[in-house]
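Each chain gets a letter, A, B, C and D, in the order it is written, and its residues are counted from 1.
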Amino acid sequence: MAKKQFRVGMVGYGFMGRAHTNAYKQVGQFFPSDYEVVLQAVSARDAGKVKAFADQWGYANTETDWRKLVERKDIDAIDICTPNNLHAEIALAAAANGKAILCEKPLAMDAAEGLKMVEAVEKAKVPNMVWYNYRRIPAVTLAKRLIDEGRLGKVFHYRAKFLQDWTIKSDLPQGGAGLWRLDLAAAGAGVSGDLLAHCIDTALWFNGRLDTVCAMTETFVKERMHTQTGKVEKVGIDDACTFFGRFENGSLANFESTRYARGHKALYTLEINGEDMSLFWDLHDLHRLQIFDYKDEGKIRGWKSVHVTDNSPDHPYMDKWWVPGLAVGYDTSFTHQVADFLEGLSTGKPASPTFRDALETQYVLDAVLDSAKKQQWVTVGKA
Amino acid sequence: MAKKQFRVGMVGYGFMGRAHTNAYKQVGQFFPSDYEVVLQAVSARDAGKVKAFADQWGYANTETDWRKLVERKDIDAIDICTPNNLHAEIALAAAANGKAILCEKPLAMDAAEGLKMVEAVEKAKVPNMVWYNYRRIPAVTLAKRLIDEGRLGKVFHYRAKFLQDWTIKSDLPQGGAGLWRLDLAAAGAGVSGDLLAHCIDTALWFNGRLDTVCAMTETFVKERMHTQTGKVEKVGIDDACTFFGRFENGSLANFESTRYARGHKALYTLEINGEDMSLFWDLHDLHRLQIFDYKDEGKIRGWKSVHVTDNSPDHPYMDKWWVPGLAVGYDTSFTHQVADFLEGLSTGKPASPTFRDALETQYVLDAVLDSAKKQQWVTVGKA
Amino acid sequence: MAKKQFRVGMVGYGFMGRAHTNAYKQVGQFFPSDYEVVLQAVSARDAGKVKAFADQWGYANTETDWRKLVERKDIDAIDICTPNNLHAEIALAAAANGKAILCEKPLAMDAAEGLKMVEAVEKAKVPNMVWYNYRRIPAVTLAKRLIDEGRLGKVFHYRAKFLQDWTIKSDLPQGGAGLWRLDLAAAGAGVSGDLLAHCIDTALWFNGRLDTVCAMTETFVKERMHTQTGKVEKVGIDDACTFFGRFENGSLANFESTRYARGHKALYTLEINGEDMSLFWDLHDLHRLQIFDYKDEGKIRGWKSVHVTDNSPDHPYMDKWWVPGLAVGYDTSFTHQVADFLEGLSTGKPASPTFRDALETQYVLDAVLDSAKKQQWVTVGKA
Amino acid sequence: MAKKQFRVGMVGYGFMGRAHTNAYKQVGQFFPSDYEVVLQAVSARDAGKVKAFADQWGYANTETDWRKLVERKDIDAIDICTPNNLHAEIALAAAANGKAILCEKPLAMDAAEGLKMVEAVEKAKVPNMVWYNYRRIPAVTLAKRLIDEGRLGKVFHYRAKFLQDWTIKSDLPQGGAGLWRLDLAAAGAGVSGDLLAHCIDTALWFNGRLDTVCAMTETFVKERMHTQTGKVEKVGIDDACTFFGRFENGSLANFESTRYARGHKALYTLEINGEDMSLFWDLHDLHRLQIFDYKDEGKIRGWKSVHVTDNSPDHPYMDKWWVPGLAVGYDTSFTHQVADFLEGLSTGKPASPTFRDALETQYVLDAVLDSAKKQQWVTVGKA
């Protein structure tokens, strides 16, 4: 039986553009479905560069204006890989044109903008998803299964950190290729929107609604050269952001992110402590899930390091890859996400996180930044 | 040359009484000094039990009233191992009698009480020290040396956690042997005074004054049987306490403690991130110090796990123990502390933390509890 | 400039067939070169299954007889992914037809057969390589660089293990899909040829010639159902194989492999101890290299865990992937190997290991099995 | 009730003398028994040094001739802490004088000598024990319990290593304080007798008789200054020793020891792989036992890191120490051994390993050295 085509038009071709494209190319081999992904077009302002990217990565053709891309009839889905400040505009246009939308995280610059995006895709009834790819690391997905099976009992604590060290140098500019994350106008926020967004997304998925938060932010390097103006300008983003709070289920939150933790490259760690079981995961060893099972016999009770690589249904996604013991990489989280998205198209049960799911993270981020500014506790909003 | 006698009178004989006594007995062999420690007397209310303890542990005789103990002429130093609510009263009496004082942590029920104790010992000019023993774990002392050598550069972050799981059971009573830590009247606070006190003490030692804090506390089990009244009563202590804040040196604090983190027995971890070096330590593997040295060559840069067991001056205290690779235990931190205290007597440079040093921790604890109660930022007081 | 085509014809489509194909598909995006890899054809006996594989993985067409495949004019390279007993026959035919050859490891059933293959490819002057893919794990390649830079000083010890546990069940048959590795006729040997071959390949690459060996083998499950005869038959392979020996450079070898080490899935570990530096690597955490640098200052000397994920030239291959901290998987070792092979075609400097390089491993394997049989030391042969 | 006195006379006061003495002083507090240990006398040739040691460590008096010590009426037990070449002579004399004997490991210079010692203590019917103290590390004792409970099922593999790096420097002399271990005449052997002896003792205790072995030894530094002759002399000891073999229960052995493994201080590791459970232990993290339990549910199966610090009967010896999470050190293994020895005196069931138990290790060592010399397999002898 012939497969249906799923023709992708991607906006942007940076780090995420490469990661998504690799996933689109891999998914058909490892996770065959009703759909064949077609790399139809990629859009970016620089005609030469986008052509080179398209040639190397196998896109059929290119656009230099995303507005044209979203209007093309030969495209089924728009993948938004731009800096954050363009997400909403592109998404609204794509929804208006009836395209499925796969949007990089965070969904939006803030919850108000995100809400408009949610309303647009829901009104247009187009499939939609946000690339919170860490949900699809097999060890993380396994953790979710254990939680859903009720193994943790009453939850007391949830803590997450995302620590990096790449912006310690004060001569790093704000803006420019790969550095738009330091530019408030393009990024909307600093580590909160970039790093904590991942931590919050997983937390809400694992542990439910976060009711109230209290936050602290800091900008260690106050001024940086701006690549667009050529001048030293005030840095508007948060270099570090820490918050605690309370989940609806009564458990306590402790979150921290920074780009000034020397020695850590991308140390996203999470831990959830339940009455009966605790779980710990660490992006630096992403193929392992640490499990403490209080139901184990006392004298041999300890933290188990589960190497989530069994090629059996026991370990999510891994039956499609290699043999036990052979780890897959960061990149496969995107492949898994495309696979789930396509399965959602087939089954009519949309893969998470949808725009609406991801909007919850925006409300938390808004509350966090608001709390840090006001220096007081803030209640998390809701749609 | 004959050694001077250092005749100890100890009040209390619980967990800490045993730990201190082991140290008193060991110190002369491993850290010979000008002093010979003499276990002169131990005091506790139950005459039979204290006699049994004295016999087993080698105290010459006993008292059933600590007031008599502190007045005895044949005693040079009073070691206070009682629940927290008795520290001040005993210390004031001991100071009035001209005794050196070694007091269990935390120094006092609060800063006001602690300040009185400081004033008393300083007025009486008696040697004084608080048993913040983790300073004397060799790996922790090594960390302090590296910090003092200026290797870290500008510090950005300091984080510490102390996680336990022993009070999850709701049928655990408050009060009674070993359980006075759950009784507000005896303990003064919950995990903040018991666990965070250690974390704060090390932090102030490593990273200087903490200026402002913002805290959250929680009591998960609201009522417990009280062993003194025999009735189910409200639990007054904090079961969990999280706070963040700002150090005087511009770095950010993130602290957390709880007795509801399933899977962790006594997981005191600390990490300090400097521009040039980061350090991490973990009580569960207390003989190791993790060091990330940014000055290492790029391609072989990584976290080093230093096994702090070299019997050379390189590794603090370890030249007095065994051979490289053979770890000492938790208990030796007390032995080291006595050794340093006695050396302080000889040199006239008091071993830290003195009562005055430990008072700083009380101000932080007061601010933390005040912040949690008011749900707002609080400035840490000072003497 | 148009790229040259590199048209691959693959024989077999099992675990390795999938791994190689993924690499062929990925290489052009991540490691662009003068060549475009074209998946021209795949061959296997079952017409329906091979057609399904070709459709899913993107091969243009299929063959059911590998003899036809090797004779096709539209194919530049033959990739041999069959059980070991077919390697030689296919390779000889491919060489005779002037094809480049990429052969799965081990090269051959024994050194005599391997020597014929070497002679054939050298006579035919066709590019050739054996898929000892672990050389291309970035952490392993980094280790090789450190060794080549002379950082280790005099080497004293080299040890490697490859531990698995998947054949403990005695009701597992020998022969059949995925189980030909238990069938002596198809595999030629057990863990020695399957697992130790990897360990030996890396060892010779890192540490030079192995002169003499002394080995012990064991077959724990003596009889298993054979899927071809349907009868319970004697098991001819080695279930476990341990050997020690002496390298030409004076260092000592200790190697072990087994499929009966409960708890280990694919635990290939290696360690090399030099006077100035030691290195350790572990396939279960393949993205890390452990380094002990004796030249580090004494008090902060320890094993460093290097997360080999910097996207800089510091860390081999990683500049082509993501950002620091984000690990790639097992699969990328094949992508790297194809990239190196294609670069070798361009530069005329063949990528290692060539058939001749891989022949050395066969001589060691022959000596190991001979030693185990004779229960005495054996000198390793050479071509 | 008054305790019986157990009056110790110790020969030698080096590293082991200190370790034993610390244990004698601690045992009464932590493991009260029917006996009170009395440090009666210590013997060594240098009158001044032995006096200083006695004063510092609390021995009542001294001897400069061990022959006098063993004849003293006021002594119940002789503790032999000398270099290996004096063990037999002292033990025979002590037995002849009816003393209990606690002898440092290895028991003897070889099995023949060891057999005489066994016969002497058995004829004299004196309590006897060899200080293979690693049996009393709580994590090791826990492993033994799990094995004795039959949890492992059929055992396939036992491997152990003891890696050090302290003799790499070629200018280290042989002989002299702390360096008699490099002198064949004093030590009898190199790493085999010093390090492998520990590994073999544990292995026989855990896994039963070892039937056959095949070994390789190496002396990397061929000549060293001898402190007694003042000349550079040939080094007679083994610097490294590796062997494999077969246990009576059908499992395979792989053992290695060296003092040339840069980066390892005292890395004694052991692993036993059973059909149903595997265990791993590492002296560098002596408070942890790693357990893989195949009976765990598949999806959460992994290696558990058990922190053997519960103060409950679950964790051997730990109910006598502190609270959960607080590790004890290397030194406590001696305290536990004295406790068990004294309990053996009370119950009449001698604590292991007795001289006879330890003789088995001598037979294995003899076979190992014989095999290395002859370069062939050797059958382990028996009494």
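To be clear about the criterion, contacts are C-beta pairs under 8 Å (C-beta built on N, C-alpha and C of every residue); 3 or more make two chains touch, one makes a residue touch a chain.
Model, not experiment: these values are computed from the prediction.
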item	value
Contacts common to chain A and chain D (chain labels)	B, C
Chain pair with more C-beta contacts, B-D versus B-C	B-D
Remotest chain, chain D as reference, centres from CA atoms	A
Distance between chain centroids, defined by C-alpha means - chain C, chain D (Å)	42
Computed distance of Cα centres, chain D from chain B, in Å	35
Centroid spacing, where centroids are CA-atom means, of chain B and chain C in whole angstrom	55
Numbers and ranges of chain D residues touching at least 2 other chains	264, 303, 307, 310
In the complex, chain D residues that touch chain A	142, 145-146, 288-289, 291, 293, 296, 298-307, 310, 312, 314-315
Chain A - residues contacting chain C, complex	15, 18-19, 21-22, 25-26, 28-29, 32, 56-58, 164, 166, 264-267, 283-286, 307, 309-310, 321-332
Touching residues (chain side chain C, partner chain D) in the complex	156-157, 159, 165, 168, 214, 216, 218, 220, 240, 242, 244-246, 250, 252, 254, 256, 258, 260-264, 273-278, 292, 294, 303, 375-377
